[in-house]
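Each remark here refers to the structure printed beneath this line.
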Amino acid sequence: MNDVPPDSQKLVDVESTPICLVHAEDGDWYAINDICSHEDFSLSMGEVWGLEIECPQHGSRFDLRTGKPNALPAVEPVAVYQVKVEDEHVYVDL
Amino acid sequence: MSFSLKAVEELASLHGEPEWVRVRRRASWAAYERLPMPSRSEEEWRRTNLKGLDLAVFEAWEPANGGAPADSIEDAAAVLRQRGSEPGQVDVGPELSAKGVLFMPLSQAAREHSELVEQHLFKGVDPERDKLSALHGALFSGGTFLYVPNGVSVEKPFVSQFWSSGGGAAVLPHTLIVAGDGSQFNYIDEFLSPTLETPSLTSGSVEVFAGRGANVGYVSLQRWGNHAWQFADQKVIAEQESTVRVVNVGLGGRFAKTRVEAVLHGPGASAELKGLFFGSGGQFFDYHTLQSHVVGDTTSDLLFKGALRDTARSVYAGLIRIEKGARRSDAYQANRNLLLSKSANAYSIPMLEIMNNDVRCTHGATIAPVDPEHVFYLESRGIPRASAERMIVHGFFGQVLDRIPVGQARELVESELEARLG
Amino acid sequence: MATTVPQINVGDDYKEKYGFFDPEKFVFKAKRGLNEEIVREISFMKGEPEWMTKMRLRSLDIFRKKPMPEWGADLSVIDFENIFYFLKSTEEQGKSWDDVPDDIKRTFDRLGVPEAERKFLAGVSAQYESEVVYHSLHKELEQKGVIFLDTDTALKEHPEIFKEYFGTVIPPADNKFSALNTAVWSGGSFIYVPKGVRVDIPLQAYFRINAENMGQFERTLIICDEDSFVHYIEGCTAPIYTTDSLHSAVVEIIVKKGARCRYTTIQNWSTNVFNLVTKRAVAYQDATMEWVDGNLGSQITMKYPSVYLMEPGAKGDVLSIAFAGKGQHQDAGGKMVHVAPHTTSTITSKSISKAGGRTSYRGLVKVHKGAHDVKSFVKCDALLLDDDSISDTYPYIECDENQVNIGHEATVSKVSDEQLFYLMSRGIPLVEAETMIVNGFIEPFTKELPLEYAVELNRLIQLEMEGSVG
């Protein structure tokens, strides 16, 4: 938990699924599949804006809660996962 | 032994190759070590997913083992059989030998006809084009050399059969065909293996040098098992007034990438490039084709047809390039895709680069499902749906099947298609 | 209305009409080059809200990080440090025709605007230098609630609607030039058409580049609300200068349920301009988006108008022509992205290369998973007028769905000897005969244009064929 300060994100590997773990500015944790649905780029390299993450390559933005794209060029959603926080540890439910 | 310089040296010794071949292999090995894995940021590989390919897991070659299948093509001029990565065996009758025809494993040819082989080997295919081409250049294992002298016609086809039964290894045959001026013949490469648990790495690269006025038919029957990763480079150099007909049949492999390139090098040269591929399960086919009109008064005619079911995928990308001085070039390129299931998908990129105006150049691409009207028509005549679909696919491939120059090879493909559609 | 209409006769004296230099009259002229300070200054001069300043600065950052595209035309000669990123020609926006400065009127005169004004124009918004200086919007449209403003004014007057849509169709990070545009944009048109409103007369804007090394970064945003219709016409002409100019526009269009939008462009920049434009539309249920795109001028154009077909029944069309003469490279095309089932698209591209010019068609048809019952057809025809010219075709088809019908066809040919012989045997001189054939070749495009434009286009082709341009 301490690895990811608020308003930042980190790429984690959960059972060989790449996941972008986000500690959002609202203090909550979100887990979203790391691969942008538009082209094969890593969302964790992008920027978090409120409850959205922006792909660094073409600027597609995804809602961290639903995975839905809020800005083109992506049109397909990205998978999101349940996150649990227990004793300073963050758990992602695939 | 995994891929290493040591493996390269050992392979060269094993095949008893002359020094120049060894030097050639070393150069490719250096390129292999230097070059990165192809990445999806490169246009050619953008739609091609190499995830899951781990070059570290493969043995550098496969020893000859296992029972070989029955000869598929019986009525041949001569048949070369290769098992695993070791040089094959061939019996060329006295009649052909008397005509000066050379048909033998590539390594034997490199020893016995060193000059002729050196003049042509990797003069068509670029062994340093990318990491996988370089791997083939460094570790090609076995393969065929066919030389048909000037003016010699051979009616029955030459056949090479490459059989791999192991899995877990690299089987990288290389075919080198030198057609003398005015020669005429057909040649068939057959790549075969059962489907195995462990992945294997295969190639099947081909160079065809067609001399003036030669008339050459080349067929590649790719029937690797569904565990194989295949990367093949085919190159045809067609000299003046020569005619080369290439048919690619892609049926096997979990991942099969093939480059099919024809360079029309002399006026009056003509190349016909046909392809058919059928994908089922999770198979992936990738064809990149090139019709390069270097000089004028040349003709090229390309048709690639693919049918895909289940979650099979394909990428076809082809370029017609007509150089500035290549006047009166006539080029045609078509890619037709038939999608038999909801989850199958096809990408098609037919491209043109035309640098002079005195040309005839047309291309087209289509992606479509089976026309429900056709199914309806057949069903209304009492033909069950499955058979109707089979007939439609058969009809769809007909144009390409008809271009396979050897009846037996055609039947072989037809029966395999039948079996897989059944 | 009885006054004689000055005829726009491009054929007679192109140089005088188009190669003019009105004395530069700038209120504010930013320094050459691009840095944070300039971007802040632009935003400050325009009195923009903070979110826009921030977005501009971020876009500048993205622009710097993004590499130049490695495909398409050769862009290595662009010197981003040698460009003015902002100019403002007069303090106040022109309100009526009388307020429009005389020199701008003269420009319009040469472009034939008064004629158009008299005949059918509802509103003209002309971008002179970097800002829109003149607007007139027909009363009737105003009453219907149609907003037709320059983009800067729209940001001031309609901030909420602006913020909702700006940058959602083309985010700054989409490509290097959309990032550049978002950092330094100025001018352009903003159109909002309310529900059910049909704008029967085309809305038009004329753009010009008129200063040496003058960058032009207009930003257009069009929102067609449900069941509305609008036709927007963008025409560009530019005088010829000796050093390179950069035109890098971004056009975002949202076409809602049942609406239809047509966007017509006649691009005739002078042959030293780099025209690198991102145009994209989203079309929702039963909506139609049509790009009618003509590229005649510029040294290099890279432009691929696209339509994202988001909901069933959406339809996208691109109809484009490109003409490349000596030293020109027109790299143009279209993109159709089928996101939803039951969507259709067509791309028709006609290109002509002459005197060593190069035309490239570059296009994409993408069918996403689940977008079944899609129909798409692409047809590209290229005409090579001589042996030095080049034509390329790069059509990409990416299909992830099987219940689709997708076709692509292309041909490359020269002017047929039979046709030429036929015309010449009837006493028509060679150049004229060729011109007739070329005009026939692009007729599918011309017939979609308002009459004035069609006439102008045919005259321009005539000039190109005679070699008197560029």
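Every chain is named by a letter (A, B and C) in the order it is written, and numbering of its residues begins at 1.
The rule is short, and it goes like this: a contact is a pair of C-beta atoms (placed from the backbone, for glycine too) under 8 Å apart; a residue touches a chain by one contact, two chains touch by 3 or more.
Please read all numbers here as calculations on a predicted model, not as lab measurements.
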item	value
Most extensive contact between chains (C-beta pair count)	B-C
Middle chain, criterion being Cα centroid separation	C
Mean-CA-position distance for chain C and chain B (Å)	45
Centroid distance [mean C-alpha coordinates] between chain C and chain A, Å	37
Per-residue multi-chain contacts in chain C, two or more chains	none
Sites on chain C touched by chain B in the complex	71, 372, 382, 384-414
Residue numbers on chain C that touch chain A, as the complex places them	62, 167-175, 280, 282, 308, 310, 337, 339, 368-369
Residues of chain A touching chain C in the complex	54-61, 70-73, 75-76
Residue numbers on chain B that touch chain C, as the complex places them	43, 47, 324, 327, 337, 339-369
